[in-house]
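Please go over the structures that come below.
Two complexes follow with chain A in common, the first pairing it with chain B and the second with chain C.
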Partner chain A sequence: MRRAIVATEEATLAWIAGLANERLVDFPQTGPAGGLRFARTSPDDRLTFADYRPTVLPPGKTFAPANEVLFTFAHQADGSFRATPIIDRRPRVLAGVRPCDLAAIALMDHVNRDGDHPDPHYLARREATTIVAYRCSKPCSDRCFCAAVGSLDSDEGADILLTPVDDALLAEARTPTGEALMADLDGTPVDDPAPLVARHRAARPQPFGRQLPGSPDDLPAALERSWSSPLWETHTARCLSCGTCNLVCPTCYCFDTHDEVDLADPNEGHRCRDWDSCMLPEFAVVADGHDFRPTVASRQRHRVKRKFEYLQQKFDSRPFCVGCGRCGAQCTADIDIFDIASDVLKQHGGTP
Partner chain B sequence: MKPKIAFFDFASCEGCQLAILNVEDALLDLLERVDIVEFREALSEKAPRYDIAFIEGSIHREEDADRLRDIRARSRVLVALGACAAIGNVQARSNATAPAVNLARVYGEEARDRVQTDPDHWPLWAHTRVRPISDVVEVDYYLRGCPVVPAEFVKLVTALIAGSEPRFAREPVCTECKRAGNLCVFARGETCLGQVTWAGCGAICVTQGYRCDGCRGLLPGANLEAHRQILRDAGLDDATIDDRYDLFCSAQRQPQQRRGAGPGGHAR
Partner chain C sequence: MSVATEAFVPRPARIIEARPFTSRERFYRLALDRPLGHHPGQFVMLNILGIGEAPISISCGPRTDNILEMVIREIGSLTQVIAKKVVGDVLGVRGPFGSGFDLDDFRGRDVLFVCGGLGLAPLRSLILPVLAERERYGRITIISGCRAPDAELYRDELRLWGAMEGVEVIRLVDSTDHQPWDGRVGLVTAPIADLEIDPGNLVAALCGPPVMYKFVVMALAARGVQSNQIFVDLERRMRCGLGRCGHCQINDVYCCTDGPVFRLSDLDRLPEALR
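Showing the complex of A and B:
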């Protein structure tokens, strides 16, 4: 059995801050214009687990950042072509990751490792990262519905799992990397963490966050039946097609690539990758101008089906929506995937 | 032979040309690759033909429109440089009132009366209407913003020299704002035009703690009806909302007046 200890919150936060002496450490902190973000810490930072609300961007996005250079290229004088991949293997600690985001990272690991096109850029960052997860005692916002989609108790992918119990934290090492990292955290050893985890769960509010009017297991079939439903128009009348819902989603991973050549020497350049968004009007436009999803409603339906039908079938997994609530919270038109999924279940659920 | 690049200014503050002079990192590389043949902010040479003409400023008088048509005829590629050329900018708001009223408001009634009795007194009286340059000539590329984003200028020139098609995403500022990890301006209890404004600025204003006022222009196809309702829900009245849109984009909101590109010109 791996090491498990009970430590004070103060000692744990000091330990996380101290990790920044030797490693890159990212932890939720308030950004310059407000809002929480996973940001690089320094050993002197005063970190806190209190007042957590969802970070603007989920932590898993750091494995494939918003804009990155995939490789540099050069046409050489002898006619040959050289491409040099840029792979980021810097060791890093991602601390304070909540269960919903952990569930999303597990899904993204699956997509990027086991999918049709393993992504070396994502995997290098992911493999160099140690994750310290933190279980939630209460819903992090009034948009939260992680329990309804089964991500509240996710622990896959955590190297260390922190569980608030009473006024202290149970710290469990889950991997050899986690075990090594935890060596510097002082606390009282625990032989059997299970009763403490049970106590943590018993102290959580019931129900935990928003509840769907049916089982998420019924959503793939209900979504199939909803294809021509007017609900897609009703839910998108106010949609601005701004892409925010995709860009803040922990399981949206679509991207676009383009080449930039150097001004000084057009024989050299680099290939860039940027996050894309299926809600943007030009996302599904192909050669000769044909648009597979010209209406907002068709794009919204596609997005929801990706989260609750297509991807879970493709990867034989849990739903790709982890219930973090970010898309609804950050939509200025107040379009919430929870409300859409609820209406799909109410109008098209039940036995076919 | 190196491509010949020229800069011309019409009604503007010339801030976009200054913004370009500030791309010091790229400027020397640029001068290796191109000949800058006209640039009033920096030199005074003249050339008969241009590979790329950058036009800064909006068009106010017919003689300006004629000068612009002449530049177009001598240019292989013509680029709108900044919000004045691209969308008419703040000065296009003057189109909403009669020139005489504007003249009196800015220079006093005495000036207005004197100009009206003595038209030669002041050449500015030839002012008719503020137009973005696309109302007069065909425009190949737009560098948006007040001022332009220097990196976009470098990107455009680099692509044109290399013979590739420059890529400017047709998406709203929200996309860049989210990629930057910013908390939404509305979540701070304020309002913003980012959802309906062309991206490309990197959401610099929101990232610096301000809001988007729309200087890059309204995105074609933006759901303005929904956006107006969102602004109303956030507590703005319709007059304030119109003012916010009109600050930079009034010419884009006056389609009925955007007819009549001059002879040889192309309205787009």
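Showing the complex of A and C:
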């Protein structure tokens, strides 16, 4: 039996802050320079759901941080070596996760569980984490297009789902872990949360955020038809190939690795994994110097096709673009994937 | 869910043979802690801990012992350090990775190997098991081309293979570069027009530099060989071997897990494959 209660916002925020007594808790907080980011909380922090706007980095990045140690190594006297994987299983809570980011985490879960080689580093952190999601009542920025790509009502992967209804919060436990965690949250039990969720949805603005000029279901086919389209040149003429779009994307997960040795004892060291970016010029260059994606347009086309064609077909999933708007908001040249997707639909959508 | 924690951790492999092979490549034989259990066409991620890792083709055929053979060109920071390693030194190995060749696709057919430069190293992992069961295949042709005579890999083996019944070996260089040479001069595409082949019963395996593929494919197409009879072994940048780091992606497929060996007809829909 799943538990659902209605709690005050104040009680809910105090409860989230209190979770930090026993676990690592990340929650969107304003930094010293005024920017909002998911940051570690302490029990006496004053948290708020108000004034939410997209964090620069999506919360799911916590499961595969920008730099992490994959294993440590030590060369041995006999010339051999010992290597020890570093697996982080510290229990943590990720709270205040918005539906678009929740959708992205669900996609990354599929990616990292897939195949013959599931990623032990991602999965250890992910499985030690309880997610408290928070449904949006209004678009979080003028870049938002979550509704257009179908992530506004995502709830997969949430242990607890918070829904603002009138001046209170509906808290639904979706997993046994979430139910256990919610035991300390005071509120009024609810037998049937559906009418409250319906009331929340009815109060949302319509349309919610930016709307594409067609169905996202048409994008894979439209993108396939767009292969030689001049739109790729048009949309990348001012692209600097800086890779910012990749870094802030909740479903970008490409990486590179590098080794670091202990300067005091070069026989010891560790291998790091670092985020990489398919927009960077050297991303697809092989040892002899041949570049398989030599132009900005070819790299941008690859990025967009990953988000709206390649990965969703590979994993039989929803689009990998969840409409958070971060890549457009952070782009150093003001290139927005929403505009590219819109043009792909306008120029190559519909029946061929 | 319980997941093996060693996905990224290499295991030790001791060098038991290391020698210069050509002007730019060295030959290595490694002893692993247990058999690699690879298929022809697969690769490993080769490591020097403290320097890094890189994908390297396996050049021996499938084996039941712990041996792994490779030909390594000094071309990057890792391979330059490997070039200084000697017998007794220990490297790290992850793998084997990739799909590889399936011998069932070749059995009962005439087989053509087209190897450009270093491409002979990975194709040797297929040539050896094919020649070991010579009677299960039709006519066998090996076209092996390289830059110059001092760049030729496996010269002695190519000669031995060429002396086998029903095996034709055509050795080429782009230029003799003023060195002694007993083969032909020209590109690997040149002999294809004159090969005695039955296009309907042929299977071809190709491996070479990126520029080679489309010209060999054109030459084979001119002989009536269909794209479903051609297998290509592709090279891409790879950082994991697990289908995740993204560098080796060819449109929607990952070269490291879906390839590096592909049936050419499966690449028709992938415009990034043979660039």
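One rule holds in what follows: the second predicted complex is superposed on the first by the 349 of 352 C-alpha atoms of A that agree within 3 Å, B and C clash if a C-alpha of one lies under 4 Å from a C-alpha of the other, contacts with A are read in each partner's own complex, and residues count from 1 in each chain.
FYI, a residue touches a chain if its C-beta (ideal position, glycine included) is under 8 Å from a C-beta of that chain, and two chains touch if they have at least 3 such contacts.
Every value quoted in this text rests on a predicted model; they were computed, and no experiment measured them.
Shared-chain residue A:Gln330: touches chain B; no touch with chain C.
Looking at the shared chain after the overlay, A:His117 reaches chain C, while chain B stays out of its contact range.
Using the contact criterion defined above for the overlaid structures, shared-chain residue A:Phe49 touches neither chain B nor chain C, since it reaches no partner. In the overlay built on the shared chain, the residue A:Ala284 is in contact with chain C alone; chain B does not reach it.
Judged by the touch definition given at the top, the superposed model places A:Gly35 against chain B, while chain C stays out of reach. Within the superposed three-chain model, A:Val261 lies in touch with chain B and with chain C [touch as defined at top]. Taking chain A as the reference chain, the count of touched residues is higher for C when chain B and chain C are set side by side.
By the touch criterion defined above, A:Leu57 lies against chain B but remains apart from chain C after alignment on the C-alpha atoms of chain A. Across the superposed pair, chain B and chain C both touch chain A at residues 258-259, 261, 266. Touching chain B in their complex are the following residues of chain A: 31-35, 37, 56-57, 66-67, 237-244, 247-248, 258-264, 266, 274-275, 277, 280-282, 296, 329-330, 332-333. Put simply, chain C touches chain A in their complex at residues 1, 3-10, 12, 14, 49-54, 73, 75-76, 79, 88-90, 92, 209-211, 235-237, 239-240, 242-247, 249-252, 257, 271-272, 275.
The touching residues of chain A, counted against chain C in their complex, run 70-71, 73, 75, 79-81, 83-85, 87, 111-121, 123-124, 127, 227, 253-259, 261, 266, 269, 271, 273, 276, 278, 283-288, 290, 292-293, 302, 305-306, 309-311, 313-314.
The touching residues of chain B, when paired with chain A in their complex, are 26, 29-30, 32-33, 154-155, 157-159, 161-162, 164, 167, 170-172, 174-175, 178-184, 186-188, 194-196, 206-209, 221-223, 226-227, 229-230.
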